[in-house]
């Protein structure tokens, strides 16, 4: 087993991995940029070292500095989390050269799956259905335009080295292609240091369904069921669930989906935790989308229904162990939903909203799980991903998981910055969502990109006014010192309580 | 009960309040307010529980958050307040301002250019996302205040349109 | 289904029941005493009403006031939680008379099981083994002394109307009997308005194992497995788990235990959620101890392993529904442990420690569940039970649940008052506890009633000193404004981070 | 580096500290301190993370909580501090004080009574629990300051023994 693990990441996923290390009795080392010295993940670690300035390029993407830190503190394993260096084959290889185990798949699998065009080619050969599209990247807008004309609009532009929605654009009309290609290419360069963009035929009203797999170094491979991730904004997931309400109704499709996922993983001699993503069309045909060669943001929903700790499995696999669970041990129970709490304003087109969190309160209680990387007083940096927490609800059925989530959302609060909490509060009331009738265009269609302002009941409005008056005035509405009415008339209960309230002050 | 003149989101409201009771818009209610820490109040209106968070805004204005909504409240000043939000995307806006802190990635237009409603003007990046800001209306670019590479704060003027 | 439910309780259990109501879409009404106006349970409810002064007798035990409040606010159900009026047959009957459904068993079952001597008689007749002892209460110390002599020391004094460790005393020698009888009787009078105390032969090194049952109004009855509750101080549980490590190793005993629990519940025509408590001796013989005719404090461990929401079941049963789960639906998974975080000082003989909580931070994350009724800034009242939160950990095995709990305990903190958190931090390191080798005398024996002071590592000590110096001084250890060293030497990493830390201040 | 004279739980300690480093008891370490809100500090000693909570105690003393332990720290005062805790249950104690706020339920002894070590003196109730306080040593009751029914605060003198 590992002597010490360095977590080359920040935020909620660093917290998540540190917790797994602590449970396993393995010292956990955090790294931090100048923007993150006071971040929760630093405080939770056994050791913490600075790796550079705030921009990710100088810190969390700084391979030299991270490997240097690992070597000097004696870490023999590095967990990359998701994002940053997690799907960087060069980093995985550099770890190996430095004699430090990269807790993830072999560099070859990362590279092959990281080049999306190559991945499509491999999957095609392995008999896994892929979305019709180009097998190579479009070299310029003209090349892209002719490929798009051949496939027929709408088309999807995707970063060849991409993932996570970065460098992705849906193009409905030819005149939009050039601008979209430039943006996608720019984002791709920025995010993956590679501007290559390829095209796929856009599936109409697609659903995003993915299968979690685990593979060890001894040929053992299992799946942990599927996740439905169709609720997206900007091609990025905002809410995920397991099982998929669509797939649940189609046992035969589910069976084929799992088989395809296992075949996909085998095709690249996969090892460690990975996710095979599929698009599913209205006729329940599914197409390989990409394979994420890392832990997913949404892994908690799988953990909640299977009871299997994916980070622990990653560490055990990386330590050379055989899978500690077999396929028959994977017995899903109930339904889990994850809400990604982003520092974004859902009432302003999901614009990023970095800044200081003046108050943050995430609920506890039965069936609730929260993975967080922020807290009251924390300033969400402008430099990184806006995810500040993940709120999950588990219950025996989807209907009850939604009901539980709804109650938890009413308890949750983040003040000081706008977050997607209000989006989820609206979403759990949506009849289509409750019916499981969702696709990747759902949010844009239902919300038109933004969220309506919430209605305020007259009593809530009055409560706000009374609180405001209480805040500004004092003597006028305060109770006379020491006076206590003895009556028990119903109409006086409020007054009595007020008088008795020692904490009443303006 | 003491009389208070308030404005709520710019609408005037008269409230009469005393210990344990209040009257507004002709309706009398029992009230019970408890400060539960850091600007938060538990307010019972006829027993109905509301958690209200109060923060001080500019010019003596209070911002109240209740049930997911935000209200601007001014106490003892019945004059109608001008509403906020005459910014970038509001219909008649002639200025494009930064909706959040970030970095300008690209500027697609120059002073004097004619633009159509919805045309992409520039791209701003924050938290790893590029966002294209579009023209709020047809017009001509009067001024361009930023260049690619500039860092901007929320609310900074980027482009003027006439 | 209910129109509105009033929760006649406070603290974490009121929070728990309110959460269940909200999930079910039923408006929840809180009640509060003058000490609790600012309590979390009040804020979480849809409505809240004052029911009296701080002493429980005048508020949470004030039947008239509570029923009056329920009637006036239109509640058609009352959930009593545990403690207070939960096992008060008169209250259950008064609810019925008022046309309000008491969410619990029929008054007859409460009364019969509440009189512990009567319960022993009924169980004896039903063929459920009971601990040798008196069938009637001892009328005075002399009576008690002769009964004790007949049974042989050590004996256990127990409140006839009791439960929850109140009015209970272990007596090892005759000369201690009188004082113990007076204390037990005094506590019993105080807690249950009934000074009657009876005797049982004390089982040597007994284990406390209990079985959760659910029964509906249509004759349906199931069990939800057992809980091990042997870790106690002052005859009150402090840590519970499910399944029992002892019973797990004895499938035959487990089978008989479940059968006895079902038989016990049938013997009193039980309805709603209830718990049949047993003592188990070194030879795995078990004896009926008492039946708790209410929700138990430790119900979350059962919920964690079975996935069944007990409060929801209570509400459905009280609404006249048939059990929504059958015995075959009860499939336990993994292991769960609950730690009761009490406002008590484990370094001072578990003395109560009411007062203001200056900071409270309870962990989140995989497999962690927290049920709480306190928070930063809350003043724990002197008038009520000292339980402020319950921290639970679930994992596939007991060993991993302990490891997870250990990590969670390192994250948890309550400042301003002493709590039992430090007790649990010591406990999870105990080899005997880890081996499951526990009995009700374990804590007293292992700790001698108090907890040793924790050792502080030299580095931790230095960290404290450095923080203190940082707090008091300023200029001397502050970095020169604006200075930034550019070097990347290892020995300078700390310094650089410090210099870069904008938040550094004295 | 600046020199600090401290006492930690009454033991003197000399610390030399400067930006990013310190020296104590002949050992030099890199340090990195960050205030993370409300008296809490994240302290890295040679990279090792410690969460320290500092509160001000009486007479300029600081109370530090770290890794579940509590340390009393005095800065810039090298004189040895008297230790706390010379209260009820410490060996040589001659006074029985209330260990927590509560109500006196019963007093078993009167002035002038001879008591044996461990003998029950009185019963105090708090949070629904009755606790018997016992004699810390053999002796004679010098004074009884409370009666059954009295409310007492933590640290109040209850019984004196001579």
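Order of writing sets the chain letters: A, B, C and D. Residues in each chain are counted from 1.
In this section, a contact is a pair of C-beta atoms (placed from the backbone, for glycine too) under 8 Å apart; a residue touches a chain by one contact, two chains touch by 3 or more.
What you see is a predicted model, and the numbers here were worked out from it, not measured in a lab.
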Pair with more cross-chain C-beta pairs in contact, given A-B and B-C: A-B
Mean-CA-position distance for subunit B and subunit A (Å): 29
Whole-Å gap between the CA centroids of subunit B and subunit C: 46
Chain centre separation in whole Å, for subunit C relative to subunit A (CA means): 35
Approximate Å spacing (C-alpha centroids) for the pair subunit B, subunit D: 50
For subunit C, residues contacting two or more additional chains: 37-38, 49-50, 493-494, 496-497, 501, 503
Residue list for subunit B, restricted to those that touch at least two other chains: 32, 34-36, 44, 47-48
Touch-based graph of the chains, sorted into line, ring, star, complete or other: other
Contact footprint of subunit A on subunit C as seen in their complex: 15-16, 19-20, 22-25, 32, 34, 37-38, 44, 49-50, 53, 65, 68-69, 72, 300, 303, 307-309, 331, 333-334, 362, 364-372, 395-396, 400, 403-404, 406-407, 410-411, 488, 490, 493-494, 496-497, 500-501, 503
Residues on subunit A engaged by subunit B in the complex (per definition of touch): 166, 179, 183, 186-187, 190-191, 234, 343, 348-349, 351-354, 358-359, 382-386, 413, 415, 422, 425, 453-457, 459-473, 476-480, 491-499, 501, 503-505
Complex interface listing, subunit A residues touching subunit D: 29-30, 37-38, 42-43, 45-50, 73, 376-377
Touch list for subunit D against partner subunit A, complex: 32, 34-38, 42, 44, 47-49, 51
List of subunit B residues in touch with subunit A within their complex: 2, 4, 6, 8, 13, 15, 17-22, 24, 29-36, 38-41, 43-48, 50, 52-55, 62, 64-69, 71, 73, 75-76, 99-102, 105-106, 120, 123, 125-132
